[in-house]
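Read from first to last, the chains carry the letters A, B, C and D; within each, the first residue is number 1.
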Amino acid sequence: MIQGKNEEAFFPRKLRMGMVGGGRDAFIGAVHRRAACLEGGVELIAGAFSSTAEKSKASGRDLYLDDSRVYGTWQEMVEVEAKLPSDQRLDFVSVVVPNHMHYPIIISLVEAGFNVVTDKPLCHTVEQARSIVRAVKAAGVLFGVTYNYSGYPMVRQARHMVASGALGEIRKVAVEYPQGWLAERVELTGQKQAEWRTDPARCGITGAIGDLGSHAEHLMSYITGLQIADICADLTVFVEGRQLDDDGAMLLRFTNGAKGMLSASQVCTGQENTLSIRVWGTKAGLEWRQETPMFLRVRSNSGPEQLYTPGNPWVCEAAADGTRLPAGHPEAYIEAFANIYKNYTDTLRARILGIEPSEIMLDFPTAEDGARGVAFLHKVVESSQSAVKWTPFDFAL
Amino acid sequence: MIQGKNEEAFFPRKLRMGMVGGGRDAFIGAVHRRAACLEGGVELIAGAFSSTAEKSKASGRDLYLDDSRVYGTWQEMVEVEAKLPSDQRLDFVSVVVPNHMHYPIIISLVEAGFNVVTDKPLCHTVEQARSIVRAVKAAGVLFGVTYNYSGYPMVRQARHMVASGALGEIRKVAVEYPQGWLAERVELTGQKQAEWRTDPARCGITGAIGDLGSHAEHLMSYITGLQIADICADLTVFVEGRQLDDDGAMLLRFTNGAKGMLSASQVCTGQENTLSIRVWGTKAGLEWRQETPMFLRVRSNSGPEQLYTPGNPWVCEAAADGTRLPAGHPEAYIEAFANIYKNYTDTLRARILGIEPSEIMLDFPTAEDGARGVAFLHKVVESSQSAVKWTPFDFAL
Amino acid sequence: MIQGKNEEAFFPRKLRMGMVGGGRDAFIGAVHRRAACLEGGVELIAGAFSSTAEKSKASGRDLYLDDSRVYGTWQEMVEVEAKLPSDQRLDFVSVVVPNHMHYPIIISLVEAGFNVVTDKPLCHTVEQARSIVRAVKAAGVLFGVTYNYSGYPMVRQARHMVASGALGEIRKVAVEYPQGWLAERVELTGQKQAEWRTDPARCGITGAIGDLGSHAEHLMSYITGLQIADICADLTVFVEGRQLDDDGAMLLRFTNGAKGMLSASQVCTGQENTLSIRVWGTKAGLEWRQETPMFLRVRSNSGPEQLYTPGNPWVCEAAADGTRLPAGHPEAYIEAFANIYKNYTDTLRARILGIEPSEIMLDFPTAEDGARGVAFLHKVVESSQSAVKWTPFDFAL
Amino acid sequence: MIQGKNEEAFFPRKLRMGMVGGGRDAFIGAVHRRAACLEGGVELIAGAFSSTAEKSKASGRDLYLDDSRVYGTWQEMVEVEAKLPSDQRLDFVSVVVPNHMHYPIIISLVEAGFNVVTDKPLCHTVEQARSIVRAVKAAGVLFGVTYNYSGYPMVRQARHMVASGALGEIRKVAVEYPQGWLAERVELTGQKQAEWRTDPARCGITGAIGDLGSHAEHLMSYITGLQIADICADLTVFVEGRQLDDDGAMLLRFTNGAKGMLSASQVCTGQENTLSIRVWGTKAGLEWRQETPMFLRVRSNSGPEQLYTPGNPWVCEAAADGTRLPAGHPEAYIEAFANIYKNYTDTLRARILGIEPSEIMLDFPTAEDGARGVAFLHKVVESSQSAVKWTPFDFAL
C-alpha cells in the first residue's frame, strides 16, 4: 500500500490533508502535521487554524498553504471544501482543537462526508459520543482517534504477547500516568496549555483523568483486551482554586476476574510524562514506560528477565511495521504518533483503491474506542462521587 | 556508644543474644543472626530453634552454641534463662518463628523481663497487639520489630527530606510490593516458606497483605509520617484452592488530605521483591526501590532530577550512621536489617549504662508500630469485605 | 527565520531539495528525507536515486516526484538541474550514496554551484577532503555533513556545559561505539548494508572505525572542543575472510594534556547501536548514551548526580532550539537528524534573505569537520600499522 | 563443610582468626572482620591492629578481644602466637595493612606456619611476589588474596557462562574502574586513605593502576580466563604535585587473539566506585557493573537481552553458593567479600578435617593470582614509560 512496496496496489499521489485547529501557539497541531507527513505520503492542503481569521491566515502562511485554502472559521472551511471537485477534495481532516469544540466540528465534518482524524478525548458527553459513532456509520467515512501511545512498537509487541498467550491468563494490570507540571496554579500565569486544561467549559467534566487517564485507559485496553466491569475511583483537586481534578486513582475489576489499578495526576511534582503500564498473567508479566519507549521488559518465574527492543527479527509484525530504523536507533513520540497516521492513511488508500486493508493497517483507534473512552471518564467521575465502592461500567454503544 | 567511638560511654562486652525459632531450613532466622552480629557487638548465646528438641539441638550445634544453652522448647528456654544470674543473662531475645507463634512467645518473654526483638507482623489480632504494648510498658523492657526496610540509608534519607520540608506538603504516596513466586500453587510442592504463608492457621487473616503489605504500610508511615484516615481495599485470591489473599490493592486517604495507593501481591509473575515507594509533595517528589536500594531519586519542577546515594557528605546523619562503606560500595538487605539491630542494641547499651540514647539510636520500629501494623491489616480485610467505599482507620492504642 | 517566528525575516516558500542516492532498498536516504522535511519547510523536488535509470525512476514515483525531475544518473541531474531558472532551481542537494561515490558527486555539485548536504564520512582520502574544502570556498556554497548524533538536544547541552566551564578543565574522555550486527559474516548473505560496509572499494581504508569511529570522533570533538595531539590505535579484523577492520580501539592524547579512549566495533555481539560518551573535568563529569538519548547525567564530587532532560527551562538555548515537545515526550534519532537539517536550512534561508545567521543556526558540521574526520581515519590506520606508540595527528587544512 | 550441611564433615568449632592492621581509623580491616564472620563460623581472637601499642590495645578493646591476645607490634604477635598450643592457635591471620608492609608481614607469618589471607595487591615487587609464592609452597599453608569483586554471585555467573561456552570464543573485553574522589589533592587535607594511596613509599610504583587497575585485571582474568600477551599503557598524573599516576588506560592483546581495553582512574570526578566489565564473544556478550551488582546482562544477536539475577534456579552453582537470600533481596559488597572468606575458610576446614575441598570451595584468589597481579602492575608501568607500542607480558612464576 505504501508507496513502492506493492506495484499492484500503488497509490499514485500524496493524500490531501486538512486541519482544524493547530495554529500558532498550539502544541498538538504541529505534532499531528509532523506525524501525518513523516512517511512522505501526505500533504497538508487546507485548514482553519485559529479562532480568528487573521491568526488562521498567518498560520496558513507559516505552513506555505495556498491562501485560498486557509479559512477564517471551521464552518467556512467545511462549507467550501465540501464543494470542491474530487481531484482537489481533501482526503481527510485532522481535528486538533480543545476538547469542547470536538463535537460540533466532528459532526459537521462527518456529515459533510469527510474522513476524520481527531485528537482525544472524542468529545464531552456520552450522548455526543454515541451521535458521532452513529454519524460515522451513516456517512461511511473513515474515522480515527489519536490515542498516540498505542503507536509505539513496543506497545504493539506487548499487545501481541498478551494476544498470543505468552503471558497466560491476565490477572493484574497497573497503569499510571503521573505528570507534575500543574503542581502549582500555572493556569494563572498565562500558560495557554494549562488554561484550557483546567477550565471545565473547555476541558469537560474531568481534568487529570480526562487528559491523562483517558490515555491510560486506552493503553490498557489496547494491550490487554480486557473489559472493565467495575470502577472504584477517588478524584482529587489538590491545587486550591482549581475546579477540575488534578489527580485521580482507581481500583478496577475486569469481566474476566482480573484486577487493575489506574492513576493519573498533574501534581506529581517533578514527573515529566511518566505513563507506564505493567501487566501480569499466569505465565509472565510485562512492563513498558513511555519515557524510555524502546524497552519492553518481560518477566517470568522460569528464566531471566528479557528486554525486547524494536528492529529485531524476534519482534512481532505489527511492531516491525511501525519501526523505521535498525535496532538501537531510537524512535519516539512523533514516530509513534506517525504510526497511528500511517495505519489510518494506509487504510484510507486501500479504501480509495477498493482493496481490503490488512489487519495491521486497521490497527488504529476508532470512534468506538473514543466513545468507550468518553463513557469511561463519566463513570470515573460518577464513581468518585459515590459512597458505594463499585460503580459498574456497563458501556454499550 | 558503639565500641570505641566514645570512651566515656564505652560498653565493655558483647551483648548476649537469644533466639526463638530460626533453626535449620528457616530463612529469616539466619538473616537476624547475621544482622545482629554484623557490627561485632552481639553474640548469640542461647536459643530454642525448632519445634522439636532434636532439631533445636542440631541447630544449636551448627551455631557452635554451648549445648546447655540450647533448648527443646521455647517455654523451657524462658524458664531456665530467666533464672540465670545477671552476668550470664541474655540481654535480648529475637523471635523469628512463624506469625501464629509470635504472641505467646513475646508475651512470655516480656513478662519474664526479657528485652525482645520480633519479626513482623507483631501478632495476629489487634487484641494481642494491645496486650503486647501493655505488657512491654508494664515490664519496662526494650522492644523492637524488624520492619527491616526502614533500615536502608536511602529510606532514612527519604524520611529526612520529608521531615525537613524538602518535599513541601505531602499530597500523594504510591507504595507497592509485588512478588511473583506464588503465581502457582507452590505450597503444594513442599516449599516450607510457601506452606505457612498460605495457611490461615499460621499466617493469620491475610496472606499477601500481611506478608508484604505490612512492610509497605510501615515504609510509607516511616518515610512520610502520614496517618491513614480511610481505606478502600480490594483483596483477591487468584490461585485456585488458596484460602488467603495472594494479591491486594487499596486507595488511601490520609488525615492531612493526602491520597495514597498501596498494593501488594504474590502473583505478579516474574517480580522478585519489587517493593517501591514514591512520595510527591508540593515542592518535590522522591522514589526509592528496594531492588536497587542505593539510589534515591528526587525530582522537582525547578531543576534536574537528583540521585542521592549513601556515603556522601550531603546525606543526612541517620543515613550516614547506617552506612559502613564509602560511596559506591553497595550495601544491601542484610546491612539494612543490621541497622535496625544496631539502633536497637545501641539503645539497649545506653539503657544498661544509664545514659540517654540519641535520636538516631531510637530510630527502630517499636511495639506501637507493630500494633498499628496489625490494626492496619484488620482494617484492610474489613474494607475488602465491605460494599461501602471508605472504611475509617481509627486505630488508637 | 523559521516560518512565522519573525515576520521581518519571513521566508515565503519551502526550500527545494534534491537528492543523489537513497532509492529503494537504501536505508539512510529515507532518514535524510524525513529529517529534512520534519519541520515542514523543505520539499523534495528532484533526484537521481539509484545506479540504474529504471530504479531511479521507480524511486521517484514512490516519492511522488514529477517524472521530469527524476534522473537516471547523477551526472545528468547535475547537468540539467544546473540550467534551471532560479525559481525552479534546487536550494540544496543531499548526497546519500555509499562512501566511494561521495567525492566525484560532491565536487561536481559544488562546482555547479549547488549547496550540498552529505552523509559522513566526507570522502575517502585526505586529498579529496582538501579538494572539497577548497571547492566549497571557491564556489561559496553552503556545505553540511550529517554527523547526526551532534543534533541530539542533550549532546548540545553537554557541549554547552563543557564550553561554559561547568566541568572545569577537561581531563579525560571516553567515547565508544559498539555494534554487534557484523559478528558473523553477514555480508555473504545478500545484506546490502553489510556488503558495502565491508568492501574496501566502496567503504574506504577502514570498516568499523570509518563507519562508527568517525561518529565517535566527531561527537567527542563537538562536545569537548579538544584537539587530538597523538593517536595509539589497534585495529582488528575478527571475522575471518573480512578485509576491513571490524573492531578498533585507541588511546588518545589531546593538545591540552587531556587523555582519551575511543573504540568502535561491529562485532560486539548483542550490542545494537551503543554509542556513548563520558567526559570528566576538574569540576564535574558527564555521560550520554545514544540508546537513551533523552538523558544526560552530570556528576560531581559536591552533590548528587543530576539528570538533565530536554524540554526543561534549565537546559541551554541550543538544546531548547532542537526540542519540539514538552519534557518527558521523547524525541530520538530522526529528530536529532532533523536538527542538523534545521540549522543547515535556517542558515541557508538567512543567506538567501541576506541576513546574518545566528550562532545556533550555524551549529551544524561543515566541510572542515568532515575533512578532519577523514584525516582522523587515515591517522588511525597509520597508527594501527605502526610499532611506535604514538602517531601525531597534525592535521591542517 | 559449613555447619550443619554435612553431618559427616561437621566442623565442631569456630575458626580462630587473627588480624594484622585494621585498627581505629582503618577502613578495610572492618570489612575483613565483617566478611570473615558473616557466616558465623569464624571468631576474631587476636591481633596487632596499629602502628603503636597503645592504639592497638584500644582497637582490641573495641573488638572485645582478650587483652592478652592483642599485640603492640606484628612481630610480637607472630612470635607469641606461633608458640601457642594447637587448641588456642590461630587458624588463619588476615593482613590488612597498607601495601608497603604486606611483604615482611606475609613472609613472617607464612614462615611461622600461619595460614594467611591478605588484602591486594600482594606486595610491591615481582621478586617479593615470587618469594611469597615459594614460601607458601614450602610452608604448605593456605593462602588467599581478597580480590573481593570476584566474590559477587553475578561475577561467578559471568565466569560460568564464559567457561561453559555460552559466549563462544571471546573476542573483546572492556574493563574499567573509574573513581573520582582524588580529583583534587585530598591527600593534603589529612584524609588518611588518600595519604597512603598517593605516597610511593607506602603504595608502591603505581597509584590508580595499583589500587584499582589491579582489581580490574583480576576481575577480567577471573571471568574470562584469558592471558594477557601484550600491554600498551598510558599512565597520567593529573593532579599537580602528586607523584603517582591517578589515571591510566591501556590496550591489551591476549594470547588467544582477543583484544582488550582496561582503564582505572581516581580523577573521574563524580564517579563513586564504578568498576565494570564487558565481555564479547562470537555467540554472546555480557555486562556487569559493581554499583548495581545484582544484575548481569547477557546479549546476543539471536534474542532479547537477558537479565540474570541471583537467587534463581537458572544461575550456576557457584553463584548460588554465594547467595544467602531469595531472589530480589539484594546482597552487596560485604557479602561478596564474605564469599571469598567463605570459600577460603571452607577449604581450610576441609584441610583440617583431612577431606578434599570441592571445586567451589577452592574458588578464591591465591598467591599465584596475587603474584600475577603484581607483575601486571610492573609491566603496565614499563609500558607506560616505553615509546614502543607493545610491551610483552611474559610473566611466569
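The rule is simple: contacts are C-beta pairs under 8 Å (C-beta built on N, C-alpha and C of every residue); 3 or more make two chains touch, one makes a residue touch a chain.
Bear in mind the structure is a predicted one, so any value in this text is a computation, not a measurement.
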{"item": "A-C compared against B-C, more contacting pairs", "value": "A-C"}
{"item": "Chain of greatest Cα-centre distance to chain C", "value": "B"}
{"item": "Cα-centroid distance, chain C relative to chain D, in whole angstrom", "value": "45"}
{"item": "Chain A and chain C: spacing of chain centres that average the CA atoms, whole Å", "value": "34"}
{"item": "Inter-chain centre distance, chain B versus chain C - centres from mean C-alpha coordinates, in Å", "value": "56"}
{"item": "Contacts with 2+ other chains: residues of chain D", "value": "181, 271, 298, 305, 309"}
{"item": "Residue ranges of chain B touching chain D (in the complex, touch as defined)", "value": "3-4, 10, 12-14, 24, 27, 30-31, 33-34, 37-38, 40-41, 44, 58-59, 61-64, 179, 181, 271-274, 290-294, 309, 311, 324-335"}
{"item": "Residues of chain A defined as touching chain D within the complex", "value": "298, 302-309, 312, 314"}
{"item": "Parts of chain C lying in touch with chain D, wherever the complex brings them together", "value": "167-168, 171-172, 174, 176, 178, 180-181, 183-184, 232, 234, 236, 238, 247, 249-251, 253, 259, 261, 263, 265, 267-271, 278, 280-285, 298-301, 305, 386-390"}
